[in-house]
Amino acid sequence: MPIDKTVNNFADAVSDISDGSVLMIGGFGGAGGMPHLLMLALRDQGARNLTIIGNTAGIAAPTGFGWPEGVEPIDHAILIENGQIAKVIASFPVSGSVSRPNAFEIGFRAGEIELEVVPQGTLAERMRAAGAGIAAFYTPTAAGTMLAEGKESRVFDGRVYVLERALHADFALIRAKTADTLGNLAYAGTSRTFNPPMAAAAMVTIAEVDEIVEPGGIDPERVDTPSIYVQRIVARPPMAEDGVALP
Amino acid sequence: MTDPAPRLGREVIAMRVAREFRDGEVVNLGIGIPTLCSDFVPHGVQLMYHSESGLLNCGPLADDGDGDVDLINAGGQFLSPIPGMAFFDSAEAFAMIRGGHVDVTALGALQVSEMGDLANWFLPSRGVGNVGGAMDLAVGAKRVIVAMEHNGRDGTPKIVPECSFPLTGRGCVGLIVTDIAVIEVLPEGGGLRLIEHAPGWDAASIQSQTEAEFSVSQDLTEITLV
Amino acid sequence: MTDPAPRLGREVIAMRVAREFRDGEVVNLGIGIPTLCSDFVPHGVQLMYHSESGLLNCGPLADDGDGDVDLINAGGQFLSPIPGMAFFDSAEAFAMIRGGHVDVTALGALQVSEMGDLANWFLPSRGVGNVGGAMDLAVGAKRVIVAMEHNGRDGTPKIVPECSFPLTGRGCVGLIVTDIAVIEVLPEGGGLRLIEHAPGWDAASIQSQTEAEFSVSQDLTEITLV
Amino acid sequence: MPIDKTVNNFADAVSDISDGSVLMIGGFGGAGGMPHLLMLALRDQGARNLTIIGNTAGIAAPTGFGWPEGVEPIDHAILIENGQIAKVIASFPVSGSVSRPNAFEIGFRAGEIELEVVPQGTLAERMRAAGAGIAAFYTPTAAGTMLAEGKESRVFDGRVYVLERALHADFALIRAKTADTLGNLAYAGTSRTFNPPMAAAAMVTIAEVDEIVEPGGIDPERVDTPSIYVQRIVARPPMAEDGVALP
């Protein structure tokens, strides 16, 4: 059978995410590279007690970070406000402003959500390690800080390094610009960020894309995430039909 | 103690930091005052900007309303494109930082210690913080410049014998540029040395705003912006 | 002991290995007999070939004289392009292998032990060897199939209680396909089990060519190629 | 000053490689992705007692690996035959055939060249680690084999891993298809292989390219090695003029 990883709608794409799953959610924090429609589908699907891993825990609503003016942001906050999130692993979990807390910070202060803060580079590298079969690695980042507490430290060539473990997930919800039916992905500009390492680190990677093309529709030199890392692809409907003017 | 003269503005701090950049260097600018530095790069100095958002080389901030959500900096601001950019993922963006390929970074700070320790990510009073890429830049950039106000809003000195706030990195800061002084962090735990002062300030008045003790350069000058 | 019947040819071994591949699987074929498998993939089974040369998905070997030095497999042979390929560097090629993203690999072997240990890279008599990607595939592929002649050229059994040659990987082999038998390696050190025999061979005649002891499947059949 | 990393000729590009340097040499083993003219220039330059790191130690001459028929291969063997190499670090150092030894195997048997064999994936990952500031990592590859002897082993989640160290170099001689003057590189097909991780792992990376274009001449989505990893670029002369019909 010709390989075709297309799933016809967003509800089907997330239907088997069960309570207690560990999810990676792509993007950097702004509108670009974020799987908006997969998140909306997951909210409607209702799985609870989830761990979400990503750069932020949804900072766009209070700050407008990376969103065009006048567009209502959609990000992790919709899952948090819906009571679906038990734990967050992120580098930039809260709003830049104490006076404008995001949904996560409110839930965290209420003791409803657990938090693990990971330096941004370590977060990306732990995902890459998971995808690459590396169990653990020694990084200089966070050596001698409270984020290294409880972790093994070790000196190589006179410098202190911290042992960090690979970070796996059950599912990755990611966003790309173009997919071919085999699952090869290409991103746009700075929307790549965490999407490729997440695709490699998760058991099941679901990619929300602007368009799906036939094999050959993406230059083979230009494939950013090879199909080996992608299990499902689902296309965003044309904005006009959908009525949702999302970036 | 009252200030002997006005403190410098954020733009002037950025201007002074920008004088540190050498032609051809790869530079990563943190959020806040550091972001302003790109407006003041000296004539004849061509820099290559790196961003944690997965970008090497970029144009200035996009005009209002002209933003592309797929072209942002680490602060979520929209950028304009220029020829010769390169895009890459977060693992690669931080491989560049940690691997020592970024020549210089300018970062804001809550506190800097006399050993060059940096605290800039966690306010104990809030109980939760954004580390972002700060710890990676602190250990990875070949040179770390701190750009900040010399004192907190309540006047608390931010240059201290030892940081009381949780650290971002140990012994990583090379230069501190503030609104009243430029202070070097000497290598090998050599402590601090005042090298420039704002107009109307002298070593004694700066020391009175500084909890850590510093030595004073024999070549102490007024802050140089050109 | 003389052979009770002719041994199967290399193509037939490859044909039997190819029956193991499931529709949609990512497959990495080693040099030698495994390379031949791609000619015998069952109808209706679509595979995605992975190569250590930095390639996912490819067409068949290029026609003679039609080779592009920038499109090779891990054996240095020229390939033909097909739509839907992806190119990447060696770090990524092996991230895929080590990370468990390759479903199945077929490899040649010098020796396989009853524990599934594989030796295929170093002949002590030469004193130097090419490990290439064999150790990565041995630990990384979800399933490792060995395709080899049952005995060495001098008749020495290659399926042994313990490998005497330096190992490529421990306990990694799942299935052994030879010119006289198909033998499973049972999980958790469960030893070997004969599941298929070449025409004219039986369990006893195969055992006489095999230094390691194996159990015999209740469903032992003649080798199945279709 | 506008950044321009172009060096005008191959002799200048390698002039500061000193005796005893550690060099990475790009490519997989065949003609593609191999810096032929940099190697010829290094042979003429004459630096000795070099350590060379690469996938092979020059296997094309006896085997024709990855070379078109009728073209005389140029690879690491020219440096070995010129007596410049003291040590090789490679995954595939010798010819596939005992009866057709390559120049390295002859030198190795004569006790003139030291050898460290590294599994191919570990070799690439050690380079990547060097470029990425990772001091060391735990890989399952080679666990329980003679290539793990003398190295620390450690169990994570019930599986044995080997601690491998980052592998740095003084210089990387690599090959790409296109460079822009800033040093951004794009490769062709399977010629990428070890070139990108080597570019990141070396102090000074010198790229031999088919063409040099202005900034903007490479699609920013399609840059395989960003300029941050490249210190010098040098263009191959058009074949017709040069008289050397190299791939």
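Should a chain be cited, it is by its letter among A, B, C and D, assigned in written order, with residues numbered from 1 in that chain.
Here is the rule we use: contacts are C-beta pairs under 8 Å (C-beta built on N, C-alpha and C of every residue); 3 or more make two chains touch, one makes a residue touch a chain.
All figures in this text were calculated on a predicted structure; none of them were measured in a lab.
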Higher-contact pair (C-beta pairs counted), A-C versus C-D: C-D
Chain whose Cα centroid lies at the greatest distance from that of chain C: B
Distance between chain centroids, defined by C-alpha means - chain B, chain C (Å): 56
Distance between chain centroids, defined by C-alpha means - chain B, chain D (Å): 37
Where chain C and chain D are represented by their mean Cα positions, the distance between them in whole Å: 29
Interface hub residues of chain C, defined as touching at least two other chains: 87-88, 94-95, 97-98, 139-140
Residues of chain D whose C-beta touches two or more other chains: 125, 128, 132-134, 139-140, 187-189, 220-221, 224
In contact (per the touch rule at the top): chain pairs: A-B, A-C, A-D, B-D, C-D
Chain D residues touching chain A - in the complex, by the definition given at the top: 125, 129, 132-140, 156-157, 159, 161, 165, 186-189, 219-222, 224
Touching residues (chain side chain B, partner chain D) in the complex: 23-24, 26, 44, 46, 48, 50, 56-57, 81-88, 92, 94-102, 139-140
Contact set on chain D toward chain C in their complex: 28-33, 55, 63-69, 91-94, 96, 98, 105, 108-109, 115, 117-125, 127-128, 139-147, 177, 187-197, 224, 247
Chain B residues within the chain A interface of the complex: 31, 51-55, 65, 67-72, 75-76, 78, 87-91, 93-95, 97-98, 122-123, 126-136, 139-140, 166-170
Residue ranges of chain A in contact with chain C within the complex: 1-3, 128, 130-134, 180, 182, 184, 200, 214-217, 220-221, 223, 226-229
